[in-house]
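Below is a structure I'd like to ask you about.
Chain IDs A, B and C follow the sequence of writing; residue 1 opens each chain.
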């Protein structure tokens, strides 16, 4: 960790750690160069890409690509977070460093719609080629025919009449751009739950 | 025109008249009545004075047993239902476990899991059916020759199960093909699957000699996202 | 899908629609499309939906045929593709020149479902992923969630976890050996493997109540303590298992870092095992070796499994010796709302590094739940391993990688 601060003074302010993970935040432009250094320099030796995941922080916020790296010289996982603009979701590909990142990036493209520049094979991996949505985005709501049944009420998601999407989006955009947003719990009027349900989490429609 | 009480005579006379007038109607031959329900062995054998010997076999006037070919063929079918070797997910492992040594469904003549749908009688849909897999699975079903039966194994195939809310799961395989036996469980134990297959055998025996094709049964498929093009 | 050449390929109507719409809008000077006012999506804007190219570089390389080459489609229903994997193989004569795996025939959207389920329910959703290693599936989220909540499972619970996880590894490796032999033409080993598997799953059913999707782990512990039936079955099974493994052995008997982990990697000589590299649970208190093989071929992967089964039995011995008394479940509220934060939990599943990345926003459900499945990553070495081999070897090589489609497709 001290090594990281010495070598990359720019990212030092974003360092965060717990007992077995060190977390850094990188700008989109520097990601390939920094990861190459982390992989190739013997003092780092993070030669294995353990995981690459995409996170959607909701409307009005940004995407994030998260890499988890493993090194046999350090006792911690290294987590690299790369924010990606939601309106223009493009980020450089790391398939030039790890061939194994190919399927990770294809999955992120399929599920989140993030375009990796330089990836040779960026097509859908799970859904069929003519599928048009990106299911893991937060504005993709689950289809649910349980909403019509009288037994609805297990989850507010299943009851569209309780959705208040405009409030939701206003709250997200008005809150500070830091994650996580402050408690967005909304008081639900009692008559909205005629089936005797006492409380429901309405803060996150998806 | 001769007067007679015999309706056949009357009909013949009418036919002669019509033939003379050039307005003959083609008369159908006398209709043979076939009982809808499968007759029992005793009913079939009674007119021939045959009865079952206490030590096994039959004895009586005849050395042959008259019956309908359909009944015999379906009796054979019911005792050698060959499933298709096709597993989708978790339930497939329990299906294989059903086929191997401990829970041996070879006992019921069901062991030869056929790799080709053209040789299979039963499609055991074992596992979650997704929208992408629905097209290929329906093609498999359509390639199987009649008569054929479908067993939905596990809750995912009966209703979507724990993935009912998912965006890519078909909520029950009966939305794409007719199903004869549902076996609940997630996944069902091998004993459960054996029970379901024995129920299927009972069903085949009960419909002995009168099966119908699936052509106009069940929902018709339009197009699925995952159709192989 | 058939071989097409990019010039003569008929474009997808959807692409035509989209291109036409974009052209018309641009000509009229209009903004990109947005949802109509009054619809339930009116508050949102459709931003950042990228266009997809008609054909990627790799697709063009794969589906352009040279003289004497042809494409062969295997799956998604094929007796030896281990589920619903589909492989498009490019062959020249009987020699494989290229290979394109097609996934998604079992994509059930588990990550999305988990993001809409409470933390306790997530542990039931992840069960059917890698359905031969359900215990490992539950272990990784349990570790990640316990980090999020800042709680610690009791020591006895950790020992029981390690015990059931190693039992699961034994039958999973045993089945892999059976399937490998089956795909190479031997029917008998699979029968033996399933006898062993039935013994172990009945053992685990005695403790968890289910034969396959156990749902045994809880956040902060396990569901049940070990019971008498479990212990007696374990004793019986342990007495016979060494002999049956010996029987199985008698009956049958270098790659680069592509992100492959687990036995496939260790069979190529790289001693990476999460249990040693980042010890979780109680693995730092137990003694075991990380087995490696040097040759990295199908036979090495088979030997690797045999040796790992022996290590697992060794571990089970130690766990049963050392297991302390005490509770098996920490005090946890019914509906858990952890503090906002992120956690990463990784375990060594029978197929490799199985990890979970969970983000909490303070609500009762995870905000983001991401799983990294080892067989998903293992399958991407298939196009690198296959060229130059015969088409009949595809079966053996794939069986030796031991992919489970439930995990690949999530």
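One rule holds for everything that comes next: contacts are C-beta pairs under 8 Å (C-beta built on N, C-alpha and C of every residue); 3 or more make two chains touch, one makes a residue touch a chain.
Given the structure is predicted, the values throughout are model-derived calculations rather than measurements.
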Overall pattern in which the protein chains touch one another (line/ring/star/complete/other): complete
Furthest chain, CA centroid comparison against subunit B: A
Pair joined by the larger number of C-beta contacts - B-C, A-B: B-C
Separation of mean Cα positions, subunit C and subunit A [Å, integer]: 21
Subunit B and subunit C: spacing of chain centres that average the CA atoms, whole Å: 38
Centroid distance [mean C-alpha coordinates] between subunit B and subunit A, Å: 51
Junction residues of subunit C, two or more chains touched: 104, 107, 109, 112-113, 116, 409
Overlap residues in subunit A, where contacts from two or more other chains coincide: 126-128, 130, 135, 140, 142
Junction residues of subunit B, two or more chains touched: 132, 165-168, 226
Subunit C residues touching subunit A - in the complex, by the definition given at the top: 12, 14, 40-45, 47-50, 52-53, 56-59, 103-104, 107, 109, 111-113, 115-116, 147, 257-260, 272, 277-278, 340, 342-344, 346, 353, 355, 357, 359-365, 367-368, 370, 372, 376-377, 379-380, 384, 409-410
Touch list for subunit A against partner subunit C, complex: 18, 20-21, 23, 47-51, 53, 55-56, 59, 66, 68, 70, 72, 75, 77, 79, 85-90, 98-104, 107, 111, 113, 115, 120-130, 132, 134-136, 139-140, 142, 155, 157, 160, 163, 165-166, 168-170, 179-181, 183, 201, 203-204, 206
Complex interface listing, subunit C residues touching subunit B: 1, 73, 76-77, 79, 83-84, 104-110, 112-113, 116, 124-125, 128, 131-132, 175, 190-191, 194-195, 197-198, 211-213, 405-406, 409
Residues of subunit B touching subunit A in the complex: 131-132, 164-168, 171, 225-226
List of subunit A residues in touch with subunit B within their complex: 126-128, 130-131, 135, 140, 142-146
